[in-house]
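Next, two complexes with subunit A in common: one pairs it with subunit B, the other with subunit C.
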Partner chain A sequence: MAAPGSSDLDNQEAYLKEATRKVKEQGFFMKRCMDSSDLKGALNHASDMLRELRTGVLTPRNYYELHMKTLDELHHLDDFFGQLCKDGTKTASELYEQVQACGDVLPRLYLLITVGATYIETRQAPAKDILNDLVEMAKGVQHPMRGLFLRNYLSHACRDKLPDTGSKFEGQGGDVSHAVDFVLRNFSETNRLWVRMQNQGPSKERKRREKERQDLRILVGTNLVRLSQLEGVDVERYVQAVLPKLLEQVVNCKDSIAQPYLLDCIIQVFPDEFHLATLDSFLETCTQLRDKVNVRVILEAMMKRLAAGARDAQSSSSGEAVARTPPKAFAAFNSCVTKLLEEKKGAIELAELLRLQAALLEFALECYPGRLDYVNHCFGTCAAVLRQDPPRTEPLDDTEAEQLERVLALPLAPSGGLGGVLELTLFGELVEYLPWRRRRDVSLGVVRAVLGAGEPLDSVESVEKLFSMIGPLLRDGPDDATGGQQQKSSATSDAVPDEATEQLLVARLSHLFQHDDTDALFRIFGAARRHFGQGGIDRVRYTLVPLVFRALALARAVRAVETKIAEQQAEEQAEENKKPAEEPPPPTEKEPAEKTTDGEEEEAPEEEEEEAPAAAEAPAATTEERTTIKPPQYSSRKVFQFVHEIVTAMAGSFPSLSLNLFLQCAQEADKCGFKAIAYEFVSQAFIIYEDELPDSKAQLRALHSMVGSLLLSRGFDDSDYDALATKTTQYAAKLLKKPDQCRMVATCSLLFWSDDPSRVRDGRRVLECLQRSLKIADACMTSSSPPIHLFVEILDHYVAHFEKKNPMITPKYIQGLVALINEHIDNMDRVDGRADLEAHYRNTLARIKAKEIIPLP
Partner chain B sequence: MHRKKVLLKVIILGDSGVGKTALMNQYVNKRFSSSYKATIGADFLTKEVMIDDKLVTLQIWDTAGQERFQSLGVAFYRGADVCILVYDVTNPKSFDALDSWREEFLVQASPADIENFPFVVLGNKVDRENDRRVPKAKAQAWCKSKASAPLRYFETSAKEAVQVEAAFQEAAQLALAQENTEADFLPETINLGQPTPSHTTKSSCC
Partner chain C sequence: MFGFGKASDRIAISFENEGSRTKKALSASSTQLPVFGSTESVRGQVEVRVPAGKKVEHLGVKIELIGQIEMYYDRGNFHDFTSLVRELDSPGVLLRDQRYAFDFGNVEKPYESYNGLNVRLRYFVRVTVTRNYTSGNMVKEAEFLTLLAQPPPDVNNSIKMEVGIEECLHIEFEYDKVKYHLSDIIIGKVYFLLVRIKIKHMELAIIRREAAGTGAQQYNESETVTKFEVMDGAPVRGECIPIRLFLNNYNVTPTYRNIANKFSVKYYLNLVLVDQEERRYFKQQEITLYRAAAA
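Entry: the complex of A and B
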């Protein structure tokens, strides 16, 4: 057996060069003979040239190159033969006889094939006969590599000489069945040669032989391309006459290199519709392969191909009748997989099984978008594979876990188009097999999918279900090194943002909670709070905040319903009163509609006066409909109590955040007309202010929020308001830094002069604030730099209050302050802010001048 | 004088599924099939065309876009007179791959004049304009960036025979202008009748 030895391998280049030179040399002489119409000479030189192909020293790639060079020359001979037949010098049959005189088999067969092609072209003999002859004769070469290339030449030379449907050789030359027969026979001989290589030569060279076989494989696959190019091979012929022969060859060759390769070729070279028509037999073959063959790769290739076809069919809107993936394709793949599972249970690794399911799942998602049952089915198979008796104690290894994660993540991908993530039964069970870190990733996928789909979560059940799927995002895991509390102390700065991003995503779920019925929505909120609450303090800072706002909005909605009910009742009563006196008056319902289930001391009815004007805008509708509104089970107070609990729980850890939330709640309660509740919320904010705020900066920010909230409030009794405003001003006066005190006290002056004339307007208190502020500013005075900027800011406040027509703020204060500022401003140090300050002051003066508050130059 | 006939070797390259075979079939056989059939290895079809009153034979090599179907290497690049690079306008990845196809070709074919070797670039599947994901301007910019004179660019549809004829005609024209200058074999000494001894004696079983 002439496999190249090791020294041959070193000299490949030299061998190839020399052989190529000879081919060119003989080719040159051949062409010279052709020029002088010397057939005999041309054939001799052609034989000499072709003899170079008998070499046994070249590797497949180098042989391929030499082969190509030889064919380049041989094409001239092809032309020459054609010419001879055309001008009548020779008949094709004479040529066919003559070339057989060549003594060596290999050159003779190359020449015979070349003439054979010409012979068919002349149509002096039926194509089928010549093809039959050639394909038989080629058996004369049994050396694998030479035989493979010879048959490749046969296939190439005859590619346009086949009696295919529509070809000029059809009819007398045969029909497509002969064309198919020719290609199939050439294919099976080629495959035989190729497979036989495996068992030739010493076993220590097996590795190299396999490498050579891998190189040579395209010579086998090319035959399948020929089949796919035949016009006459339609679905029916493929089903009946082509594929069965191919599959028979695949199974019978029992070669673990040939089997996957040939199946891969079949998948790639034939069109989708052929595959869909023969899926069952193809898949049946897949279960009959050598154990060494990785069937998963083959099935995956087929599924990928069909899925891609389905995708293209969807995107091309050309309206052509495209073969859609039939429903039975999934069933076919599935039963193939099941069969593999049964027959090769021990032989296939768990990771491969999972990978196979992932492929099947991908196929299902691509071809049957929205078919949850297929997804659930794949999940079921995975679960069946993973469940063991007794239960597995070993965790999945990394590859297995990776594949399982893929299985779980696939339906969550945006392209999966699966709205019903929550309908994935078994998701919870499967996710349990993953290590915590991967579970977190999968959970994140779930959250993204749910947010992406944007479908409302409208029941406690769906919220519970969702939260059961995303546990790792809601609480710490057993193997989580980053326990909620410890993390805070050793906060690794790079880990925290990641966590924050995750928790912000989780927090967004709150916005999907929806229900028209306020009671149902409240129950959903309750469930959510329970789950979020387990997350530890580092999670709730993100997750509970949106829930507070959602709950406040709910409180408003509930309040609106309550108001409506109260109105309805009031109207009914008014109508009753109008009726003739004979009728006994119905029992008057003084009780408010809501049932005060909690211990709040607030009484609703008196506040409702305020709500009345707004609701009275649509009296017609209420009188016409007259349907009694069902009173909500959960009153607005109950909802406020709910947020109160949430915020109170966070107050210790996040004082600034909680303080702001309390103020937010206070505003909402105030809008709903609950002055006592609002007062309570503000009080809570004050408690946090006094007990928890970490530093003076936080205090300053908090005071601004407090002033703002009080200014927005409408419902407080005067005495309550006064208490809160006074307290706030006291806080302001006790700030750590003098300038902060000064500014904040001045700001507090706003609290005592409402824009609304019906509310607090206490000019004296305003003046007191401003005077106090000035006094503090004076105390800031140092020899080097008087606090002119503070004076200017206070001046602004005076001007503003003057414009609000506060009688206590007379021009003389403004006059005095302007004089004070003027006195110092020129002596001011050249500090950085001076230009800004001067500009500010100029603007204030301009305003004073424009309003003619005091005479100015 | 058959050998005086001009033979031009045209190589079509590009990613799997961009439509190389479809373009060749449309050009040579005026046929189109929408179903995808992979090509294995490389093979050519020939077509005779008139270029500037000259009859030339085009040897058009259709190649496998998938590397695993090209296991014997790409020796057939050698001797090419022009290379047609194809991508799919609906598939940006196939456009991105043009660079490596071009480089691979120049390395393997090692033409005498690498700078000026003619390429023609085809953006195929323009019949699916709605799915287009590679803007024409981007492709043109790429063509401009590759050589001192911009590579010729055509937007084609093998399906609807749009610009296919023009593109191949252009390729043939460029090839003719640049015809393979590799010298024909000339034996050093003309040694009539005496065959040189050959190492092929080593194998003789045929």
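Entry: the complex of A and C
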């Protein structure tokens, strides 16, 4: 029965076929003997059949096949024995003795097991005794593979013959402890055989043997399944009698294939509550395994299992206590991991350690949602591992970095439900270990988590913390700095939208800045600007824009407070004037009290000086405040100044954007009643227009915005307004394309006739604009097709101004224009858009007719 | 030759209660014979048939009971350790079938019947109708068996031994007794203390050794009664392999020590380990077999 050599391997098929044939043949003879009640003959043929299993030639898979075929036949013998015992031809004990006459140990034991099962079934002898005998006698087969299959048959044949709790064999036949003992013994012997395979045969065939062992491992694992199926094994018995034996076997077998497999089986086959009750000893075992064994996989499996259990428990029974996982489970895992770290420091790769922490972290997140301390703890362990002594010189390799990234990303997953990402103190430090590219990914995760949680960022500290976590999104990294630019250009189209998406996400953070106190909010904005500002041109175009709008909203809010204070003061003043001596205000008491209640105010004393002029400008009083409204430390002017700085900084790189922002600011300032500031903003916009906006299309768009902003303004002095409106009209007249000029100048006419009768109403200038526009249109006539559409549009303006009751716009202009259009429209080429144009014109005429501006045919 | 003739089919011998008497065969190939106890009387009937119309003149009819040891190498030389004679009839003429009863009361049968390789020990009764020289004697023999039950031994220790080859193989084995009755079970264990050879299997053999004759004329013959495989494959250190062998499956006799100074039969258990190169490592231990009184 030598180990199969390579030549034997070629003959596997043939050998298996021949052996199967013999098994069938002997099985047939056996059955014939059974039919004629010839016990002796049946046993002889059965033995001959079973002798085929003595082969050492077959590979495990083929042997398995032969084994199954043989068992199919052997099954008939089962019934036969049962029948013999039933009709009293033979007693079970006689049969039990008789089959042992077989001279070969392997067939003898197969027969013995077969009869043994019948014997137990008759209950003529205690099940425990027979089981005990069988499991002991089976030691006669020491050949690993044959032994494994024999014991598997033993386990299979007796699976329903065990004196388990509730079984009919309980009582006289023993109790569950005997059942457990039987399975455990069989398991232990099976495992020993399996482990032994490793060391038998030449070392060059080691690889093949290991593969064969993997093929056979299920034969060992089945025993654990049997154990888990025993009714009588409850938590207590598992703790006392079952697991210690299993673990002892695991540790003592000292086999690096068996240890992880068995532990994994244990994890999978027994229920969670058993695991929770024995976690300590299980984990203790995990620290005693061979160095080659990947403990991480085992721990991970256990954690996954418990985590899944916790998840199921939560989803299935919401009423039951959610915290089914005892708090000590984390501690147990953790101490196990710590121990591994200590004992096998050199033996475990960094990537594995990190993966282990990732698993632990996942477990913690799953079982103890919201326990940030656990997350921080895991981070701490990672940090400790990474801060090794002496410090590593080379950066993390790819797998290590990947694992670390996973560790960092886990708490950010939406299922983690972790709003308090910012409480993860070590996050920043860990991120540092990652290569820049991965840091960006992690940062992105953080941003998504923060946005997803939607919790407001309400202090400078939290903003600082967050920004320190997402640094890679806010600025270029070391590797970007060198090759970044060219990389970006070479990466072309797909990198750019990526970047844009990222930055848009970052930009969204601005909307999370919230604080009821305007000063605090302003400080937050300040911090945000500082960080955003480091991002360079490509980032600020995304990130600063929302901040500008938030700041403008803040300015409005501050302004509202200021107005309220002013009103209050006015009242007070009035009251004070009435009864001057009454109730002296106690400012010295009040102010410190407020300072202590509001932490944000701590910096206040230093900024007091700065505040004074601003406050003086604002129509609010300072120290005499005694109501609940406190004057904001940062006035609305200050906020505008802040915005001004931001936009100015962007002006050079993004003229259109900045121009629009300036106009936006101007509108806001105007609403707040700051004429001067509004003027400044508008003039800034105009400067950009002049200096930075060479593109004619952009100019056109800018002019529209400028006109719109001016039209919306309320607070300008007339002279200022005039200057701005005039300037705008000049810009319009200087546009490159004639049609643009024409249209824009016509539009500018709106600037000089406000809907508000108290504001500018300069009919003459309106007329000038329109006539200028008309002149420009005329100049276009020289081109091939007459610009009738321009005439129609100008006509619209005339009509509009006429309706606004501009005295300078008389029907005669309209009349003239209509005549002009009529003259040309019939001669017009059949160009595209003629139908549209005609429709447009008809509508205008209809309007004119309806309003009876001029008589029309 | 005087006194001897060829077995006659005209004489029939039957033992008392032969139908109901226990019968046994010494080996599978031999015929079943009635069994008599050690001091049991041997009784029966002899019938001499005379064909119709004929007569048999004789010089007397006698019956002998003989216990005899026969060496196969020494044909014709028998050692009778027991020989008893009874006269059944005085000389005369038989005209028709004649029956005689015989009775060897309380006859001593000191040894067991045995059928070995070089020797056999048998018991038989022989009827001789003596006639004149020309007619020749009529002779008929009838064999029977004697099996001697022995009391269980007072002392029956186990056999325990440690054997080995240095740095190669060390085992310790144990058989539960040294004396077994014929349908006993041999229960034992083999502990492997050191295994450095690649063992293929292990078997337990029962060996019978027969020594016949004495001195220069002694013939020793060994015979393996059975080979019983007790282990398949190679054990590792610390392994303990159980042995259980049911003796009544095999054709064994009790141990005979120096029967009438003529022969001995001894039994040995031979534990054999076979390695992958078919080398055999073995250790023999004598055991004593005895016949227990039937329960």
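The definition used in the following text is that the second predicted complex is superposed on the first by the 765 of 857 C-alpha atoms of A that agree within 3 Å, B and C clash if a C-alpha of one lies under 4 Å from a C-alpha of the other, contacts with A are read in each partner's own complex, and residues count from 1 in each chain.
Everything below uses one rule, namely that contacts are C-beta pairs under 8 Å (C-beta built on N, C-alpha and C of every residue); 3 or more make two chains touch, one makes a residue touch a chain.
None of these values were measured; they are calculated from a predicted model.
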First, second, both or neither for A:R196, with subunit B first and subunit C second: second
Partner chain in contact with A:R54 - subunit B first, subunit C second, else both or neither: both
Subunit B versus subunit C as contact partner of A:V269, first or second or both or neither: first
Partner chain(s) touched by A:F532 [first = subunit B, second = subunit C, both, neither]: neither
Which partner, subunit B or subunit C, touches more subunit A residues: B
First, second, both or neither for A:F654, with subunit B first and subunit C second: neither
First, second, both or neither for A:D104, with subunit B first and subunit C second: both
Partner chain(s) touched by A:H143 [first = subunit B, second = subunit C, both, neither]: both
First, second, both or neither for A:Y119, with subunit B first and subunit C second: neither
Interface residues of subunit A shared between complexes with subunit B and subunit C: 2, 54, 104-106, 140-141, 143, 146
Residues of subunit B defined as touching subunit A within the complex: 1-3, 5, 33-41, 43, 64, 66, 68-73, 75-76, 79, 90, 127-128, 130-131, 184-187, 195-196, 198-200, 202-206
For the subunit C and subunit A complex, residues of the former touching the latter: 200-201, 226-236, 239-242, 244, 246, 249, 276
Sites on subunit A touched by subunit C in the complex: 1-2, 54, 97, 100-101, 103-106, 108, 136-137, 139-144, 146-147, 192, 196, 200
Subunit B contact footprint on subunit A (complex, rising order): 2, 15, 18, 22, 24-25, 27-28, 31, 34-35, 48, 51-52, 54-57, 60-61, 64-65, 68, 72, 76, 79-80, 83, 104-106, 140-141, 143, 146, 156, 159, 214-219, 221-222, 224-225, 228-229, 264-265, 268-273, 309, 315-318, 320
